[in-house]
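Given below, in the form of structure tokens, are the structures.
In the two complexes that follow, chain A is the common piece, with chain B as its partner first and chain C second.
On to the complex of A and B.
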């Protein structure tokens, strides 16, 4: 089955889901779509630039807290303003953090991103007056495209207008990312992933490109974080904890970082598998740990890698 | 002179890898750097290509001090290099590798939302170099699937795709079968004429290649220039024969 057909079927099923699927499963699609946006960005850094961040929950947190502050403190309810502000703040925070982190690679890069993530987590946890500490902050229901939908029951709002709004953001984010990875800029990132020494001798400024990829990935994570807020209606520090960073790396590995849509698939499988495993056994992390080990050993290309070739080979044959 | 090195000295701790090396390269020259292992050839190439900053001395390119500015900036100024140990992008195809070099040369790397496939200048520039190096039919093959000789060619071709003024080739025929060596040299000499490369500097151990293609040879020994002159003068220099070339070449 061709990739385009699978994609069309998946998109069609996602569009139709609120009409045919049980509400519970439709609501599970909301965190999937939010994480999918974040993972498209994370994979620009991971799959296309070769840098594994263990601190991207920081930017999920920046996005989610931006929405919480805007709706509950500044009384700004427009979701469009929230998304733009989240993207801008994500970039603002990522600019200096990235400038420091991209000077290092491999485990040092990973540890440094983890450290910055923990700094942010501690900040939102301890500055109680500002952030509400471990209780978090309310993320009030935002307006969508300028329309207030306060009259609708919460479930109807989330499974209806907000669902399609999230889907539209995901589709837009996917189109933009597709363009980025197939641009001259995207090609330069791939050279850096494959061989930074060689890239440097071709005149490609490795540190500068890594920094750009870092900032773009942070913008995506912040937008994903902002999308995560309305379904729960509350934002707390666990969203910025290091286990969240681990989860999104897990999702990327699960789906396959070598494929453009791999991380999106990973987010989908992770969300539904986690929900199912948690309903069956209380020790879901044990099961997920075993799954992660199995993927790394038996299928390093992830689920997408079982039937999709590497992006570069795909591009060459098209 | 387009490239000049003055009194280059490079220390690794207490070890002196380069000890007052001076050289000058003019437009139109094919210069070979020879020397036994440990003579400082690789260090000299790394200093000339901006990878290493000299402990003392300076490298000037068209009267501009380029000492230690880094290979990326140097490549953008017009000095390219290939490596002794072949360097490719394993998952990129031949065409993508050459496109990356052309993207860099044309300054299109900042184009975030442009389509690479629709960038005709980049594609045509890459295809031209692929044809020059006989890699056109393999343009869709990922580098990791190429035979060793083609990987070497691709490494060199990507440097040529930058259309540099000077190219430094670190053992361009190492790891290649004897039969392929001459073919590679002929290819890169003809490509340099087509592309307009003004000077070629190579580090090479194969004396047939060195004496067959060079206008000038610089012999290094223990971090110093032992001799610098045309092939006939180098071949007649007893110190060079004894320390660098050896008996085999003397019997030529």
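On to the complex of A and C.
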């Protein structure tokens, strides 16, 4: 099966899912699509630029809290405004943070992003009056494309209009990211990942490219974070905790950071597997920790890596 | 102030564990917080068993410390079973593997001890209180501070005066050369990792008379230990000592002056250190 066929089938199934699948599973698709958007961005940094951020939950949090503030404090209910504002704020926060972080690579980059993530986390946790502290803030139901859908029951709203809205955002985000990674800019990022010294010699401004990748990935994470709000109707600080940053890196690795759609697959498998494991035993972390350890040790290419490698092995043996 | 020093001495133990492991294996061990939590739970159980068996309360610190050190042996299977596969991999994968250990340990602790906090009832003030510099502090705090200082001296002696310490420092500087000189790296890795683990579990065991053991304590402590090693400088023992004091004392000052600032202040310092002096106050020269 060619990749394009698989992709078309997956998209078709996603479009049809609300019509045939049980509502419960349809609702699980919402966090999947939100994370998928965020992970597309994270992977620009991880897979394409070679920088692993351990603080990207910061931008998920920025996006989600933007939506919460707009809907419950400023009475702005338009989802389009929320997404644009989340993207803008994500970029605004990422610009100075990124400028400091991209001066370092590897473990120091990871540590600095982790520290910034924790600054944001403690900020929303401690400034109770502004952010509601650990109880979080309500994220009121937004209007979609200017149409108020307040009449609908919550599940009908989420499994219907909001589902297709999220899907549209995900498809759009995917197309834009596809353009980015296949542009000269994307090629430069890969060069930087593989050999920064050579890239520098070739006249690529390494720091500036890394900074751009950082800001773009933050915008994606903020949009993903804003999409996460409406399904739960509430935004709380755990979204920005460092373990959350770890989880999204985990999802990326699970799907496969070396492939474009790997992280999307990772988010899908993570969300559904987590749901299924939690319904069987309460200890999902134990099982997921074991899965993560197994991937790191035995299959660093993730699920997409396993799938991609097989045809090439067959080709070489025939 | 003194409670800050108490917290600092616990932090020192955990961060010292983090530092030895980073020094030799070059792995930033996120799981050190989980070992701390494990030590705390085992400490609670050990003391509970000790009191139940009718041991004199005044000596409860003995089973506590022994249990804390003994459970550090868990470092052996963790190192042999997981970490040894990733020594020559990218740092990212090493970091993620320790994150996997964090996830597994958290649930392993929940499975064994349940989700409700555990504490040792009423042993904290066994040794009474004493007035120091105009305030009263539990004597237990002073014992822990003293013990931590002693361990600091002991580690310093171990690293600078013994053959084992020379080997550790040599392999931190140059792994291949040390191995070429005939040092069994497999053994050394296991030993060093276990030493790091034992420091973490001991820290956890010593803290529980003062606070209850909770399953989230590990992931909360790791970010503090992280702040300590960044401020002090990765891989430096002196750095861990100074960093732990700075974090512990600053935290207690912030709590009494402006509680909202507590951890925020510490992370801002971490960022300032990383930006201005990324190798920390006592970090080595660029690798």
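Criterion: the second predicted complex is superposed on the first by the 308 of 318 C-alpha atoms of A that agree within 3 Å, B and C clash if a C-alpha of one lies under 4 Å from a C-alpha of the other, contacts with A are read in each partner's own complex, and residues count from 1 in each chain.
The definition used in the following text is that a contact is a pair of C-beta atoms (placed from the backbone, for glycine too) under 8 Å apart; a residue touches a chain by one contact, two chains touch by 3 or more.
None of these values were measured; they are calculated from a predicted model.
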Touched partner set for A:184, first chain B, second chain C, both or neither: first
Chain B versus chain C as contact partner of A:100, first or second or both or neither: second
Touched chain A residues, chain B compared with chain C: C
Chain B versus chain C as contact partner of A:299, first or second or both or neither: neither
Partner chain(s) touched by A:149 [first = chain B, second = chain C, both, neither]: neither
Chain B versus chain C as contact partner of A:197, first or second or both or neither: first
Contacts of A:269 with chain B and chain C, given as first, second, both or neither: neither
Contacts of A:205 with chain B and chain C, given as first, second, both or neither: first
Partner chain in contact with A:91 - chain B first, chain C second, else both or neither: neither
Shared chain A contacts, counted only where both chain B and chain C touch the same residue: none
Chain A-touching residues of chain B, taken from the complex the two chains share: 49, 70-73, 75-76, 80-81, 83, 87-93, 95-97, 99-101, 103-105, 108-117, 119, 122, 139-142, 155, 158-159, 162
In the complex, chain A residues that touch chain C: 46, 52, 54, 100, 103-104, 106-108, 110-112, 114-116, 118-119, 122-123, 126-127, 242-243, 246, 249-250, 253, 282-286, 288-290, 292-293, 296-297, 300
Residues of chain A that touch chain B when the two form their complex: 176, 179-180, 182-188, 190-191, 193-195, 197-206, 209, 310, 312-313, 315-317
Complex contacts: residues of chain C adjacent to chain A: 28, 30, 82, 85-86, 89, 91-93, 95-97, 99-108, 110-111, 219, 223, 226-227, 230, 234, 259-264, 267-268, 270-271, 274-275, 278
